[in-house]
Structures are given as C-alpha cells and as structure tokens.
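Got some structures for you, see below.
Look at the two complexes coming up: subunit A is in both, with subunit B in one and subunit C in the other.
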Partner chain A sequence: MDSLIRTFSNAQSSRDGYQLAQTLSPDLPQQQLQAIWKSCGHHDAQNVIKRGIQNSTSGFEKLPKDEVQGWSDVYLAYWKAIGELLPALNQAPQSSWTKVYDAWKELLSALYRGYIGQGFEAWSIPCLYVVAKNLRFFALKADEERNNNVAAGDTSGQIFQDDFDPESEQNQKLEDCARQLNRIFTLCLNDRAPLEESRKWGIYYIINLLFKTYFKLNSASLSKNILKTLSAYRGDMPPLSAFPKSQQVTFKYYEGVLCFLEENYFQAEEHLTQAWSLCHKDAMKNKELILTYLVPCHLLTTHTLPSQKLLEPYPRLQKLFLPLSNCIKKGELHAFDLALQQGEDEFVKRRIYLTLERGRDIALRNLLRKVFIAGGFEESKVEGGPRVRRTRIPVAEFAAAISLGSKQMLETDEIECLMANMIYKNLMKGYIARERGFVVLSKSGAFPGTGV
Partner chain B sequence: MASTQPKNDAKSTEPKPEQPVTEKKTAVLEEDDEFEDFPVDDWEAEDTEAAKGNNEAKHLWEESWDDDDTSDDFSAQLKEELKKVEAAKKR
Partner chain C sequence: MQWSSAQPPPPGTQPPAAYPYSATTAFTPVQVRQTFGQPYSAAPPASYPPPPAYGPLPINPPPATPLHTNPAAPLTAATPTTTQEPAKKKIDWPESVRNYVQRSFQTSNLDPSVTRAEMEAKLKETISYANDQGHMYTVNWEKMPLPQEMIKEERARARALQQASHFSALSISPSSSKKRKSTDFSEGAAPPWRNGQNRLEDRITFNADKRPAPVEEAQSKSQSKFQKQLEKRQKRFDGGYKSTYREPTPPPSDGPVVGTCETLEKRYLRLTAPPVPSVVRPERVLRQTLELLKRKWKKEQNYSYICDQFKSMRQDLTVQRIKNEFTVEVYEIHARIALEKGDLGEYNQCQTQLKALYKMGIKGKSIEFKAYRILYFIHTANRTALNDVLADLTAAEKEEEAIKHALDVRSALALGNYHRFFRLYNDTPNMGAYLMDMFVGRERLAALCNICKAYKPDVPLRFVTEELYFESDADAAQFILDYQGQDLLEDREGTVMFLTGKAKELFEGPRKAAFSRVDIKGQI
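So, the complex of A and B:
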C-alpha cells in the first residue's frame, strides 16, 4: 500500500493521469496483489489509507479535504476488491467472479462520486478507463462462471422468478456493466468545465467500451443511441482527430460496422476506410476485422474486389473471400452459389452473408458482359470509321450463358426478369425488345464502369 | 481458472495451483470478433497503415471483372454455347 500511495503522490504532483491509473490496476503479478492486500487489515484499512492519502501531498499541492476523503474511499474500495480478486484467481472455496465484479463495481462508484462531488480533476480520467475496462472484464468472467455452474447443475444462489428469461440471465453482469458504463458516459458528456480541463476527453474511450459491451449483448441498436446522443453534443466536443489514434480507430471501426448492419454501405465504407488508414500497421487482428467488413462494402459500392496482395497477410480472409471473388470475376453463378453455401456459417456469424449474397449481381453482370464482348464488332457504316460493338444481342445468347453459368435451364421469362433487374440496378444499360427477342444495349457504356 | 476448466470442474472447491494474472486475458480474447485493445495509446502517422501503403494503395483493390477470358475452361465453354445459339438461329 505504501508504494501505491507513493505513486499516487507522484502522479498527483505531476498531474499524470496514466501514472495515477496504474495504481488502480488489477492486472499485477499475484505477489504484488498479495502485498497490497496484506498491507492492512479489516480493522485498520480505512485509517491507514486515509492517513496515507492525507500525508501524500503537502504545501501548495495539498489536497482539499473533500478530495482526500474521495481518494481514500477509492483506495479502500480497491483494497477490498483485491481481497475478492486474489481468492478468485486461486479458485479458493467461497470465491467467485461475481463477488469480484460487485467489489469492483464499488470501486467504480467511488470514482464516480469523486468526480461528481469531491472535486476529482479531469486529468485523472485514465483512472476511469482502467477501472471501467476491468469492470467489463470481470462481468464477462462472472457470467461465464455462473453459466458454467448452471450447466453443471449447481443452481444454488440462483433465484428463479416467474419472468425467468434465460437469455438475459446469461448476461446478467454484463448488462449491469453496460448500465454502469452508461453512467460514466453521461458523467463525461455532461461536464461543463472548459474543454482543456473537461472530462469530455474521456468520452471516446468510454464509448468504445460501451460498443464492445453492446455488441456482445447483441444490441447494436443501443450503440446507435450512443451515436445519436453524441451527435447532439458534437458542437461542444473536441474533434475526434484530437484523440489518441487507438481511440479513433476503434470508434471508426464500430461506427462503420453499425452503418454496415443498417445496409448503409457508402457511409460504412467511409468510416471503415478511415479506421483502416489510421490503424497501426502491426495490429494484424484489428486490420483483419476492419477488412472483414470493408471487403463486402467495396464489392457493393465500387464493385471492386480485394487483390491477392491485400489479402496476402490474412489467411483467414483469403479463405473467406477468395473463392467468392474468383467466381464473381469469371461470372460463374453456380460456383458462386456453392462458395456462398460453403462459407455460410462463417458469413452469418460475421454478419456479412446478406451483403455477400448481393455479390451475385456482380457475377451475373460479368457473365452478361462476356456475352457482349464475345459478340464482337459490327462493320462500321463509314469506311475506316470507329469500330462499334454489336449492341443488338439475342436474348437466346444471354439465356445460353446464364444456363451455363448457373448450371440450370431457365425459362425465357426468368431470363428476361434477370436482365430487367440488371438494367434497373444500373449494372447494364439498354432495353429489352421482347417481341423481337433482342436486348438492345447502350452504344456508350453498356456495362457502366467496366470500360465497355 | 474456472473458465478454462471443463464444465464439471468449474465449481470444484479444490484450490488450484497459482496462475499468473496475465493468463486470464486469453480466456476472453478467444472471442475473435472483438476489436482488440491496441498495445499503445497513440502512434505517429508513419506507423499507420496509410503511410505504409502509399505507393501500393492502388494495387489493393482490383476490378471485379476479368477480361482475360480466353484462358479458362468456362470462357471456352461459353463461346461454344454462343456458337450453338448462332448456328440454331441461322438454320
């Protein structure tokens, strides 16, 4: 405890929030945790800690009385939480991650009270980061442990109610954690102090934690609410670009994925591209996640595919996207369907199935384009004039191509329907002359954006 | 740790040998859909993906169609089919 207080004192005099936050980390070697826990006993902890905090600063830097009380409460809560954490780490009898969670929640509440009424200054908000981040971690542990116990038939301590809802029961602590994080979100957002000393600088870190939590709880809509609240306040906020890149990238990733899930692909692409560009070049896992959504976006917005070079460092993405990409390029509809089917579980899990499915249109476009190219050129009416591609193409030719590509015979009506869809989606320009059995394609850009 | 033990072991009351705290991270991060914490808070522009890819960025995305269509079986087959249609029409 003494060394904790020494660090506290140093951090207070240099106003170093990150150093201060280190004193509230549970992520220490066990011996160190052990030492903290043993440095005081239940009967004297409160006094030891308070005296320590009181004497830690002096002179001009002397902390006001309120703040001394506030930090004493914080470190007492920290000490108590360590007392739950140690047995849980060692799986001692009577220990549980639920107890760790509850004790850690007390710590977060003590911090909260410090900011609300005891004059904690905004430079110390990294303390909130460390404590909030670990609260979420302990919530996950607690839920996991409880679910395992339930599965093993140990239902002691479980209260069965009439409105028993297994789904929410499973994430009991994580849902509680989301509520706590939301409180912290409001705490940061509503700070009226001038920007340079405002808790608003904590907002993106907390939002990112909330996003992660809501995604795990499968409620993207709650994340959307956060974005709405944020945009209402955006005028009073420092710009995102003023925050550390780790926070910018994480935020842009989640903002992008949220747009993606709403099928707002243009915006999703914009956010994800920003996340990609700013991402640390060595953060392979995160880059892989960004690409998981950016690739389907590109397919739909600009009709482009990832190059071999782009996917080279990511074997998992190669497996995910290369078979589909090849089928799209070649216009092999049947093989595309098979590839989609083969990857279905993974695609669904990643929430990209529906988006990729729309890639079939691009495959079909490419198939029809092949027919157009195979049609060659018409003789120019003017001697030596520019060559013009044949633009009147029998529906029967497209029908043959589609039957070959999809490995099934389709009725002429169905073929025409597919063609009409292509035209409607602006993937092909022209019209169907039904009575003559021809498709008449535009002389200037029959397949927009593809050079013919 | 409870989570890493088989289910029926999770409520075991036997004290387990000491495990370093750092190990607990792995249990959760197996969730592979979650954006990871970066090891550092901030970095220079030259360490971003954008800086790395400046000269190669244009090679990262390619067109979705393939003009080189004489090489593969499928295209050859397609040409055959189209010829058949042509022939049928002339008959």
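So, the complex of A and C:
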C-alpha cells in the first residue's frame, strides 16, 4: 500500500494520468496484490488509506479535502476489490468472479463520484480507462463462470417479464457493464470545462470499449445511438484526429464495420480505409481485422479482388479469400458455390458471408464476358473499317455457358432472369430481345470496367 | 366475453380426488344431492348454468337429517347416499354449521344469480377451510355470510380487480395463500367469510338488482384496506393524484412462483409487481386452458381474445419458470395463430422464445419454426439476424426440407434471382406462405424493375404473369395499373404486351419505398 501511495503522490505532483492509472490496475503479479491486500486490515483500512493520501501531498500541492476523501474512497474500493480478486485467481472455495465484478464496480462508482462531486481533474482520466477496461473483463469472467454453473438460477431481475429473456440471462454482468460504461460515456461527454482540461478527452477510449461490449452482446445496433449522440455534440468536441492514434484506428474500424453490417459499403470502405492507413504497420492482428471487412467491401464497390501481395502477410486471410477470388476471376460458378459453402462457417462467424455471396455476380459477369469475347468479331459493314465485336448474342449461348459453369441445367427463363440482373446492376450493358431470343449488348463497353 | 370470477369454473377444474377435501369431508352416510336439489330444480340458474362436470362430484355437506327444524326446509328426504366416497374420518359437524348450511338453502335467501353448484362449492370451501384451520367450533356461524353473498361479493370484487388491474395482488401475502384450496381465484389469502363482512348492506345492494353493482359502490361498501388502496391507485391512474409517490417494490421472491389459480381463462395484464400465486395457473390448469383455447379458436376465430389469452398463458409459464415441451407447444401454437393473422409483433416474440427453448434441447417443431425464422428475417431485411440464424444452423438442419426451402429463398433473393424466388414461393412448406405473402409484393416490384430495364422493347403480359407468379393476367395487369402503368399495356392482336422499353424508372420509386418500410412492432 505504501508503494502504491508513493506512486500516487508522484503522479499527483507530475499530473501524470497514466502513472496514476497504474495504481488502480488489477493486472499485477500475485505477490504484489497479496502485499497490497495484507498491508492493512478490515478495521484500519479506511484510516490507513486516508492518512496515506493526506500525507502524500504537501505544500502547494496539497489536495483539497474533498479530493482527499474521494481518492481515499477510490483506494479503499480498490483494496476491497483486491480482496475479492485474490481468492478468485486462486479459485478458492468461497470466491466468485461475480463478487470481483461487484467489488470492481464499486471502484468505478467511487471514481465516478470523484469526478462528479469531489473535484478529480481531467488529467487523471486514464484511471477511468484502466478501471472500465477491467470491469468489462471481470464481467466476461463472471458471466462465463455463472453459465458454467447452470444450476445457480439467479432470476431476480426477470420476475416482471412476460417471456424469458435467455440472452440477458447469459450476459447479465456484461449488460450491466455496458450500462456502467454508458454512465462513464455521459460523464465524459457532458463535461463543460474548457477543452484543455475536459473529460471529453476520455470519450473515444470509452466509446471504443462500449462498441466492443455491444458487439460482444450481439447488439451492435446500440452503437448507433452512441454515434448519434456523438455527432450531436460534434461541435464542442476536439476533432478525432487530435486523439491518440490507437483510439482513432479502433474507432474508425468500428464505425466501418457498423456501416458494413448495414450494407453501406461505400461509407464502410471510407472508414475502414482510414483505419487501415492510420494503423501501426506492425499491428498485424488489427490490420488483419480491418482487411477482413475491407476486402469484401472492395469487391462490391469496385468489383476488384485483393492482390496476392496484399494478402501475403496474412495466411488466415489468404485461406479466407483466395479460393473465392480465384473462382470469381475465372468465372467458375460451380467452384464458387463450393468455395462459398466450404468457407460458410468461417464467413458467417465473421459476418461476411452475405456480402461475399454477392461476389457470385462478379463471377457470372466474368463468365458472360468470356461468352462475349468468344463470340468474336463481325464483318465490318464498311470496307476496311475497324472490326466490331458481335453484339447480338443468342440467349442459348449464354444458357450453355451458365449451365456448364454451374453444372446444372437451367431453364431459359432463369437464364434470362440472371442476365436481366446483370443488366440491372450495370455489370453488363445491353438488353434482352425476348421475342427473338437475343441479347443485344452495347457496342462500347458491354462489360463496364473490364476493357470490353 | 365474461372475464371475472363470476364465471362458473369451467369443467375440469374440480379438484382431483387426491385433493385434501376428500379426507376431511367424511360424513355420515346421508344422501345429499337429490334432496338438496329437487325442490330447487325449478329455480333458473340464470346466466350461470352449472357445468356438467359438477354433477357427479359429491358435495359433502353436514348430515341433513338432524336439521329439520324448519318444516319448509327441503331437506327431509333421507334416501340413502349415492356417494362412493369412503368416509375416512368421521367428523361430528357442530350444530352451528348445520344451521348455517340450512340457512344457506332457505328459499328466502336464495339468489337467482347464484347457481346451486356455485353455492355448494362455496359451502364446501368455507366449511372445510374452517375445519382445516380447526376453527370449526370457534367461528361464529351465526354471523357468517351466506355462500351466495360471498359469491356475489367476489364477483363484485373481481370486477373491481379487473378494472384496477391486478394491483390488488400486492396486498395479499402469498404465504397464507398456500392453504387456499378453492377454485376461486379472485382472492389470495383471505378466508371465504372475510369477503363479505358487510353482510346486510351487501345483500341490499345485490339482492335488489341482479346486475353488478357499480364498481365504486362495491368498493366503498367493502371497505377492506386493500380495496381502498385499489381505489387510490385507480384515482392515480385517472390523474386524480399528482403525487410522484411510488409504491415500494416488494422484494423479489426467492424462487419461481407456484400458481394456485384454477380458472382456465385469464385476461392478460402486464406485470408491474411480483406475481401472486393465486392468480397464476399451474401447468396442470394451463394444459386445460390450451385445449379450451384451441377449441375456441377453431370455433370462433376471435383473434384479439385468443391473443390476449395466450399472452396471459405465456406470462404464467414464465413466472413459474416452466420450460418444457408444453411451453414449446404454447408458443408454437400462438406463433402459428399470429402468423395466420399477420400479427408479426406477437409472432416475433414467440419465435424468439422458441429459439431459446429449442436451444435448451426441448423438443418441438423446431425445423418448421427455424424455417419461419429465416423467412421472417428476410421480410424484415434484418441482415444481422439472418447471419446469426445461419450461424446457428447445423449441417443436418440445412438439409431439412423446410429450412432448405427458406435458405433457397434467401439466396435467390440475395442474387436477384426472381425466377427461382417465385418458383419457391409457389411451393412453400407449412405456413411459410403467410410470411412470404408479406414480402412478395416488394419482390415483384424489384423484379419488375429488373425486367423493365433488361427487356426491350416489350414482353407479353403472360410472361410477367408467369415469372412473377400472379394468379392471372388480370392480376398482373392490375398490379401494373396500381403503379400507374396504364400506358405500358398494349393489346396487340389479342395478346396483351407489356411495354418494358417505355417503363423507364416507373417502378423504382415504389420499389425503394417498399424496401425501406419494414417496420415491425415488437421487433428489437
């Protein structure tokens, strides 16, 4: 406890938020946690801590009384949480992660009160980061532990409901955690102090934590509310670019994925590209995550495929995208279907299945293009004039190609339907003359963007 | 529709033989029913005909023979009893109780709105309660309200309850209600005679008029504490009180409620307080309710009634934490009915529950409902949920006919393959067509947009009819006309042509509108 308070004192005098935050980390070697826990007892903890805090600063820098009280409460809560954490780490009989979670929540509340009413200054917000981050961690632990002991049926919150809510039963603590984080979000958002000393600087860190939590809770859509609130306050907020890069990247990534899930592929691409370009060059894991969504985006917006070189450093992405890419490139419908089916579980898990599925359009386009090219040229009407591609193509030719390609016989009506789709989506230019059984393609750029 | 407890308990709610009554109501073998019944058989049972199931069940009042002080009393005939019930424990009924029973059946005290069966049930309840409690000799039977009064009091109360919702439940302590054995459900704990302390007034109020007394009057008369609270609350709802005071929420109970309510039907009310056992039906009763509702649905097709009843059933299941195949059945049936009526909000609630229940391994028609779920999310264009559904399906499930169909529908739409989509539409298993009907219109618009852009200069109308699965050319034409496409139809030597080349963007606007407007109540 003494060394803790020494660090506290140093951090206070140098106003170093990150150093201060270290004193609230649960992520210490066990001996250290033990030492903190053993440094005082239940009867004297309060006094020991308060005295320590009081004496830690002196002279000019003496903390106001309120603040002393606030920090004392914080460290007392921290000390108590350690008391729950230690047995949980050692899987002692009476321990549980739920208790750890609750104790840790107290710590977050103590901090919250400190900012609201006891004059904690904005430079110390990294404390919020550390505590909030670990609250989420403990929530996950607690839910996992409870779900493993199915027998324990804590149902108190459920009693007024007409139907069961199985999801919330499973994620009780994480949902609670989301609520706590939301409080902190508001705490940061509503600070009216001048920007230099505003808690607004904490906002993106907390938002990112919230996003992470919402995604885990399978309610990514709640993130939209955060974005809405944020854009309402955008005027009095420092620009995103003024925040640490790590926070920018994470935020942009989530913003991109959210757009992606809503099929706003153009916006998604924009956000993800920003995240990609800001991302640290060695943060391979993050870059891989960004690419997981950026590649399908690109496929739909520009109809282009990732190059071998781009995917080279990411064996997992290669496995994910290369088989499909090859089929698309070659216009192999059947192989595409197979590859999609084979990767389905993985695609679904990453929520890119429904997007990649649409890559079939591109594969089909490439197949039809082959038919067009195979059609060759027509005699030019003008002697010696430029050769003109044959643009009136019997539907039967396409039908043969599609039936061969997809390894199943399709009716002419269905073939026409697929062609109509190509035309409608501007992947192919021309029209179907049904009565005569022809497709008439444009003389200039029948397949936009592909050189023919 | 009657909702209150004034209804006669429907058949089948009689306590089973194992019910504690039988043990305590042993009696001297004196015949019961005929003598009781005959002189009164002329009395019209008013609007409450005794349900048939009541008949054969023996009511066991005290022996009638020694009571013949009143020559007019109809209890003279002493034919041997027809009761099969063995007398397990002999009870010597005190004189006061016998008098009480006799008084109940005096002609002057009879009330046409209360049936015999109800009276008998009430009597039995009152007496056995006293017996169980050991009050048989201490209760002042002289002052005890007559069964018909109690019944009417209960009816009035139930009406009041019904209006002020179930709040009254708060004031009833659940613990004592366990002793309650009656089929009566308007009350939790109070013993039957507490219901009508204000005997005389009650009698005046009610005897004079068969119609229910106005609620307010009934409330002011029965001045019990909870009635007053009830009234207060009601005022608050009406805006009479502006106070922000809130009832303190009682602490949640330790475990799930165990219901004791025996009435089959119950109106749905959203819970705002912990449920009270006396208004919650146990599974045994709910099973009968389900059968009743199935019959009623077949016969009456009254959706608002059925939906309400199913909601209250679901609530009862939930508060008792009953999660088994019966629960699944209830949700499945409600989901089907909701589907049929296009009530997607309710349907969605059911399917969410079903998903969880199947996941727990409870058996049901999981294939059928998983297929609906896919179709539903196609309708609501909920990509996230669709993705989740895909994630949840096993390889074997994907091969099941209904699920395969739904998945094919999904992929056909994803790829814009309207040709295949409408073939699938024509061949939908189970009740999936009700769901597909909901989005077939917008898919037709989308397909028309495709056709108009791709085909030049025209196609026969018949082609549209067949591709988009309209019932007839006339239907197809009508659909086009509905979107101001009158200039696009042309009769050419007996063949109606659809001038796709001239359509331009005509269907684009409606298509966009149709796809943006998928707002379902109840959708999370």
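Going forward, the second predicted complex is superposed on the first by the 433 of 452 C-alpha atoms of A that agree within 3 Å, B and C clash if a C-alpha of one lies under 4 Å from a C-alpha of the other, contacts with A are read in each partner's own complex, and residues count from 1 in each chain.
Please note the rule applied: a contact is a pair of C-beta atoms (placed from the backbone, for glycine too) under 8 Å apart; a residue touches a chain by one contact, two chains touch by 3 or more.
Computed from a prediction, not measured in an experiment: that's the story for all the values here.
Participant: Would you mind checking which one, subunit B or subunit C, touches more residues on subunit A?
Facilitator: When the residues of subunit A touched by each partner are counted, B comes out ahead.
Participant: If you stack the two complexes on chain A, which partner ends up touching A:413: first (subunit B), second (subunit C), both, or neither?
Facilitator: second
Participant: Does subunit B (first) or subunit C (second) touch A:434, or do both, or does neither?
Facilitator: Touch status of A:434: second partner only.
Participant: Does the superposition put A:423 against subunit B (first), subunit C (second), both, or neither?
Facilitator: second
Participant: Taking the superposition as given, does A:277 touch the first partner, subunit B, the second, subunit C, both, or neither?
Facilitator: first
Participant: What is the shared patch of subunit A, the residues that subunit B and subunit C both contact?
Facilitator: 349.
Participant: Could you please specify the touching residues of subunit B with respect to subunit A in the complex?
Facilitator: 1-3, 7-8, 10-16, 18-22, 24, 27-28, 31-38, 40-43, 47-52, 56, 59-67, 69, 72, 74-75, 77-79, 81-82, 84-86, 88-89
Participant: Within their complex, state which residues of subunit A touch subunit B.
Facilitator: By the definition above, subunit A touches subunit B via 26-30, 33, 89-93, 97, 133, 137, 140-141, 144-145, 148-149, 151-152, 154, 208, 212, 215-216, 244-247, 249-250, 253-254, 276-283, 285-287, 289, 298-299, 302-307, 309-310, 325, 328-332, 349-350, 362, 365-366, 369-371, 373-374, 394, 396-397, 400-401, 403-405, 450.
Participant: Using the touch definition from the top, list the residues of subunit A that touch subunit C in their complex.
Facilitator: The touching residues are 153, 155-156, 158-164, 166-167, 218, 220-221, 261-263, 344-345, 348-349, 351, 353-354, 357-358, 360-361, 411, 413-414, 416-421, 423-425, 431-434, 440.
Participant: Which subunit C residues qualify as touching subunit A in the complex?
Facilitator: Residues 252-253, 255-256, 270-275, 311, 314-315, 318-319, 321, 323, 349, 352-353, 356, 359, 383-384, 386-388, 390-391, 411, 414-420, 449-451, 453-457, 459, 463, 466-467.
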